[in-house]
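To keep things simple, chains are lettered A, B, C and D as they appear, and every chain counts its residues starting from 1.
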Amino acid sequence: MFFSKRSLLAISFFTFTSFALQAKAQSSFGDQVVNTNITAQEVEAAQKAWGEALIKISKDHKKDGVKKASRTAEAVLDQAYGYNMGAVLFKPTLTTGDQVFRTTKEGALAYFVGGNKKFPNDSGFALKGWEKYEFKNAAVFINGDLALTMGNVFLTDGSGKVTKVDKTWGFKKDDKGQLRIVLHHSSLPYAP
Amino acid sequence: MFFSKRSLLAISFFTFTSFALQAKAQSSFGDQVVNTNITAQEVEAAQKAWGEALIKISKDHKKDGVKKASRTAEAVLDQAYGYNMGAVLFKPTLTTGDQVFRTTKEGALAYFVGGNKKFPNDSGFALKGWEKYEFKNAAVFINGDLALTMGNVFLTDGSGKVTKVDKTWGFKKDDKGQLRIVLHHSSLPYAP
Amino acid sequence: MFFSKRSLLAISFFTFTSFALQAKAQSSFGDQVVNTNITAQEVEAAQKAWGEALIKISKDHKKDGVKKASRTAEAVLDQAYGYNMGAVLFKPTLTTGDQVFRTTKEGALAYFVGGNKKFPNDSGFALKGWEKYEFKNAAVFINGDLALTMGNVFLTDGSGKVTKVDKTWGFKKDDKGQLRIVLHHSSLPYAP
Amino acid sequence: MFFSKRSLLAISFFTFTSFALQAKAQSSFGDQVVNTNITAQEVEAAQKAWGEALIKISKDHKKDGVKKASRTAEAVLDQAYGYNMGAVLFKPTLTTGDQVFRTTKEGALAYFVGGNKKFPNDSGFALKGWEKYEFKNAAVFINGDLALTMGNVFLTDGSGKVTKVDKTWGFKKDDKGQLRIVLHHSSLPYAP
């Protein structure tokens, strides 16, 4: 099997409330409720899971090297992004030229961990020794099983340096109740 | 103006929670939440509003005659059904032959209050002196701004006679937060 | 393995267009399109698949007996109904008393093939020798990945006898592009 | 009345296919189709309408001054953005500090035409003499009545200077078939 038990730890961040649990709402419907909608609470949990995953990749890199970090990153992409559905609308913070948009899983993986000759400018964003994350949400738009968020993300590295980005995410709740990122636009603040 | 103040009372049953109020969920998004999804509570309120409206039409008929009842019924159809969007999937309890499905507002109004030569078999279901309603929901399916319910409805007339029907409804929440019936299948219980 | 190759034939009716194929729409997006929406064409295909499945169960029953028919019926329920999500809003044509609504897979299977002591009045609707089906749709309501249909279904048995029912369906397209019945209200026409 | 006939021309760009017209799909449902879903074609039309509106504001500014441009911009915000629903997730290209996100209509208007003391850094993005627009879409994600697009937008001013931005939009189709921008993240390309 490809993933070791340890690398699967990365995945455990991405477990969300199942449909069954949601059904316990108190109403005249009792437990006979199927509800496919996404909630603000699920969205916040998914944001935190993204932050945890980024730090996990950085830690794996520091402790066990880039191969381990790559496996963790790939598990994160498989579980928390929507590449299983097709193109993901992903504009990472630091991409340039013809490779700004990473609509494929390969392109996203290259951005996070580098080492792919097809994406020569990628140095591995998730390998930069991230130790802490913080979110400051501006607003959320919830529409069926899809939620959009916009706000700031603050990432702190081992030296204490904080990177601030303007971040937009689109999360879609899949059939299993798992939230997947189908949209991700990250940009450095405008400096006049 | 077409509606008298009195007939507008019928309409007041159909006021639901606005988007603004929904937005007060406690989360990192504060009050910056737009949520277009329908909830089980809104669906129950819409079911009750349907029951109240049916009784209102019956009362208006008894007190003020069929013209008043017709105006109330039309207001109900305008506010609580989705004919403004196009065809409504409406199979009333007692329709027959080529006129089983009432996909137009005209056909629905004829069913509720009769008196339309194009629908000669309609005697006016809402004019039958209904005084009480009760719901026994079997289940609900919630998907975005649309909710489906299935269960029994019990209607009691002035003589105390109870009519039981198997009832399926589809409610869609519109841009103003108003729930509208886009699907309504009603049938008498199967008698072997 | 539980299903023989032959019983899997029943399943092949339920293969629908994948997201990938849908993506070929001609637009400025090229093939970079993810579209989770359901189409009228997919709904019609799912209706036909339901008709084919019913006839398949009847044929399996005639040729290989009730056990084979049961396995086929269970495969149909697993693939074409939404019991994997929770309660299905299913009101079959001929159910009575406390067992009108079949929100569980067990209840649905009992209705189609009988033989379950918990559902003593079920004689097996799908075992009645159905040979032909015909649909006459009244209208469709399409909302995201969910579509609602209403109309008549005509079923013909081996003696040429035609049974007409008023039928409402709700189809939800799942993550794999498979349409699943989440709502099914069937009733005999009202006879004054 | 507030808007002159001329300023209403700006609005005419934002007229989209109605539900009624959509219903003409060829199927067994005939014209009895209600379909609330958004299409790739509608999204492309809405993108073009945004480009036309930006140029219209610039032209109005040049010809009739900032007051006229403001009225046009306000009409665009009223018709083509979702501020009527509540917060819009809007991160304009050139905003800074505490005023990066413009979740209110007032903040959006200030960005486009300036002149609001509460937003002192806004010089009026739409007043910069834009004469031409071009889109290069990377991908689209369609989910019910909501569509997300990502790609580049190229804007050319009167001197021929081209500004390129990375652009993400979320469009929601409202009850009248009008597409409204509920998400708009615009950022200058990353320069290492």
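Criterion: a contact is a pair of C-beta atoms (placed from the backbone, for glycine too) under 8 Å apart; a residue touches a chain by one contact, two chains touch by 3 or more.
Small disclaimer: the values here were computed from a predicted structure and weren't measured.
Across A-D and A-C, the chain pair carrying more C-beta contacts is A-D.
Taking each chain's centre as the mean of its C-alpha atoms, the one that lies farthest from the centre of subunit B is A. Chains compared, subunit A against subunit B: the Cα-based superposition rotates one onto the other by 180 degrees, nearest 5. Subunit C and subunit D have Cα centroids separated by 43 Å. Averaging Cα coordinates per chain places subunit A and subunit D 28 Å apart. With centres taken as mean Cα positions, subunit C sits 37 Å from subunit A. Contact with two or more other chains is made by residues 32-34, 36, 87, 103, 138-141, 143-145, 149, 182 of subunit B. Chain contact summary for the complex, subunit B toward subunit C: residues 87-91, 93-96, 100-101, 103, 121, 138-141, 143-146, 148-152, 166, 168, 170, 172, 182-183, 185, 187-192. Put simply, subunit C touches subunit D in their complex at residues 25, 27-29, 32-37, 40-41, 44, 135, 137-145, 149.
Across the interface of their complex, subunit D is touched by residues 19-20, 23, 32-34, 36, 82, 85-87, 103, 144, 174-175, 182 of subunit B.
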